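We call the chains A, B and C, going by the order they appear; numbering starts again at 1 in every chain.
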Amino acid sequence: MRFILRAILLLVLLALVLSLPSFATSYYLGLVVKIMIYALFALSLQLLVGCTGLVSLGHSAFFGIAAYFVTLLSPESGAGNMLWLLPGAILAAMAYAAVTGALALRTKGIYFIMVTLAFAQMAYYVFHDTALGGGTDGIYLYFRPEIRLGDWVVLNIDDQFVFYVFTLACLLLTWLFLALLMRSRFGAALTGIRVNEQRMRAAGFSTFKYKLIAYVIGCGLAGVAGFLYAVKDGYVNPELLAWEQSGLVLLMVILGGMGRLWGAVLGAVALTLLQEVFQSHALFGEFASRWHLTFGLAIIALVAALPQGLAGLPDQWRNRRRPKSISSASAQ
Amino acid sequence: MTQTLLSAKNITRRFGGLTAIDNVSLDLKRGAVHAVIGTNGAGKSTLVSVLSGELAPNEGTIHLNQENITDWPQPRRARAGMGRSYQRTTIFPSLTVHENCRLTAQANHQHFWSWTPARRCMQSNEAADRALELAGLAGFRDQTAGLLSHGGKRQLEIAMSLSTHPTVLLLDEPLAGMGSEETDRMLNLLASLKSEHAILLVEHDMDAVFRISDEITVMVNGAVIAHGDPVGIKANPLVQTAYLGDEE
Amino acid sequence: MDPAILLIQCLNAVQYGLLLFLVASGLTLIFGIMGIINLAHGSFYMIGAYMAFALQPLVAQYLGGGFVLTVLVCVVLATVLGYFLEWAFYSYLYTREHLQQVLMTYGLILVFEELRSIIVGNDVHGVPVPSWLAGSVRLGDVMTYPVYRLFISLVCILVAALMFWVLTRTRLGMMIRAGASNREMINSLGIDINRLFRIVFAIGVALAALAGAIAAPVSSVYPGMGNAVLIICFVVVVIGGIGSIKGAFLAAMLVGFVDTFGQVFFPAAAGVMVYLLMAAILLFKPEGLFKH
């Protein structure tokens, strides 16, 4: 019964999302695409944080590396070929993840948070201080890459609606991939590692290997989001790798809820909309330009009030009514 | 012919200036329970950690089935047949009893690249079923592990270490916090496991130790002060002083 | 390399390292004693610098004082601010998980940045070096070194010595050290842990603000300065081992030298050298040089 209800809900949402382009303005369409890209970005971090227990404060690096990859390697005179630009961008992100992850995963807890932040900052400086990425000015992507087999253009994403559906497809595929991954034996092991790594080692799991693979996959998926972001606006600059981005996407995961995969999507939607609201002149008038203040306060309040995120609200409510029996162990 | 499965020789482990284990040697034989007893701070838990691979010894060697495993990390030792239970319960509270065992059993069937859902892995399911059967928890299969009684959780702890088909079992205070009925059940369980495994039992409950062990090693301040069968140990004057002197 | 240039770079490295130590020691103290990871710690550095800039004319006008008095006023104000912030905000963070602390203090950074923007604006400012410190000393035949930079190092060394004295010779220091290794024990000894935490936090804030204030004449006062120093401080704490003042000192000096000489020998990769150092240390000592 619950399954049917859920399926109906999903179909309704899907229909809504797909019908949006027909009545939304260009601005709102762009906003929804931005939300979808951030949802993908947040999902990729959810694999690390919610599923494996690896709190990374440096996730923006992989987003940015992929974005720069596609921008730097796209020809200036015409559309590049996505068949190698997309995998290339993902692999570039994964390569950085493999090297930094192998080092960062030697640490735990608060050290891990700080080390991931530091490695992201390192990547930031590479793009910020060198001529590689045009420095602080950033660089432009002039033509959106297309899927091309020889001379046959299979898919061209210049059209706003086509790009919209393409982004949606990427998001859904990533979601499906992660759901299947978490259901598999690999995912079950990750869950065990998150709850009690020592126990998993005692059983015979080489946990470092698992964590590194999960880390690399998650960072590779962040690369997909970065690719889409670069392609969407056609412009990248070093601020994509700044730690404010890392903090923002981590917020999305936490506020959305670490206990469920879709918490990341919920968090991305909520936070992006929140930012839009606080920047709205219609609601805040002059104060809208000072939106960092209201946004910062909102973050503090929300994190304090929602320890399990939005997705965990039903559980939080239920536990408030019931006396504490077993402590709320992480769901899933 | 009693087969020596695990052999530890001259194990020494220091933490800064403190020598936690000083030149300790012991053997674990198939079909026997070897108990390690001692006062608090005697180094028993440290010894278990060194044998299981969580801590590296400063000196000494460890052999499993005649193979030198001194440099092996814990997961590798586990896959080679070493099982371990912890003093503080390390079950997964939000999973069911069966899922707990299936997860640990999976260590022998890891299959990285398989998309098969974890719950449908036949070998892991069978290993879990068998472990639950052995530990006497078959009736609690679908119970959420966090809701078990304390004794039940300790039983699950043992079941989880059994799910990987170990030949050597390192049990760190499995009877901790148990009432007499639960203790009886656990001791019957250990007795039934004896024939197929070599068991190291670290315990404080003296009655239980003398009931079930075949040999006993007594440690005080990191060193072995006595070793032998239960009768001999009971009569040993050194042991009596150590216990009578340090008893709270 | 010319020995005079080598000496200059060494002095620069020491000065940078000592400044970092001031900020990082506050960070590691707060984490070691109270278990709080405070992302907004860099903001206190920024606040110290902006205070030095904004208060200088006021101090000159109403108190008739110069730079030193301004810095003292900044430190006093920062201590009060720290005391207040601990009571109003940070005391609620003790029971929360590190992740929540990270995100809540992240929100706090945004608040601080915007408040600063409202109060003082976003411009880059310079703070003049006081005239009595504006000279240079001779090093060898041709080279000179700014007196003010030596002044910075001197202040840092004095503060470090003061910190060492307080930690090892006073009752407060004993309580702090005890609290660092066993928080529960402190409570059961009847020491008012709330007040202790408030004092420690205020000290941490004061240290960061002091660093910002005295660094202002050399580094100028700009919006992103807090965040930049924070991340380097994280590297210092990771290398030194969290909770360890000794570690923070050693690591800060290491970072100071690697960064300074990195800029000399590999100017293109300058910003990256410190992280490579961190990566190298992680290979051998994942828990830092001095485990807490």
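To be clear about the criterion, contacts are C-beta pairs under 8 Å (C-beta built on N, C-alpha and C of every residue); 3 or more make two chains touch, one makes a residue touch a chain.
Note that this is a predicted model, so its numbers are computed, not measured.
Engineer: If you count the C-beta pairs in contact for each pair of chains, which pair comes out on top?
Structural biologist: Of all chain pairs, the one joined by the most C-beta contacts is A-C.
Engineer: Could you work out which chain's C-alpha centre is the most distant one from the centre of subunit A?
Structural biologist: The chain lying farthest from subunit A is B.
Engineer: Measuring from the mean C-alpha position of subunit A to the mean C-alpha position of subunit B, what distance in angstrom results?
Structural biologist: 43
Engineer: From the mean C-alpha coordinate of subunit B to that of subunit C, what's the distance rounded to whole Å?
Structural biologist: Distance between chain centres: 49 Å.
Engineer: Where the CA atoms of subunit A average out and where those of subunit C average out, how many Å apart are those spots?
Structural biologist: Their C-alpha centroids are separated by 33 Å.
Engineer: What are the residues of subunit A that contact at least two other chains?
Structural biologist: Nothing qualifies.
Engineer: If I count partner chains per residue in subunit C, which residues reach a count of at least 2?
Structural biologist: None at all.
Engineer: Give me the residue numbers in subunit B that touch at least two other chains, ranges are fine.
Structural biologist: Subunit B, residues with two or more chain partners: not present.
Engineer: Under the definition above, what is the set of subunit A residues touching subunit C in their complex?
Structural biologist: Touching subunit C from subunit A are residues 55, 57, 100, 103-104, 106-107, 109-111, 113-115, 117-119, 121-122, 125-126, 128-130, 243, 247, 250-251, 254, 290, 292-293, 295-300, 303-304, 307.
Engineer: Using the touch rule from the top, collect the residues of subunit C that touch subunit A in their complex.
Structural biologist: Contacts found on subunit C: 31, 37, 39, 92, 96-100, 102-104, 106-111, 113-115, 117-118, 227, 231, 234-235, 237-238, 242, 268, 270-272, 275-276, 278-279, 282-283, 286-288.
Engineer: Would you tell me which residues of subunit B are touching subunit A in their complex?
Structural biologist: 52, 54, 73-76, 78-79, 83-84, 86, 90-94, 103-104, 106-112, 114-118, 121, 124, 144, 146-147, 160-161, 163-164
Engineer: Using the touch definition up top, name the residues of subunit A that touch subunit B in the complex.
Structural biologist: The touching residues are 180, 183-189, 191-192, 195-196, 198-207, 213, 325-326, 329-332.
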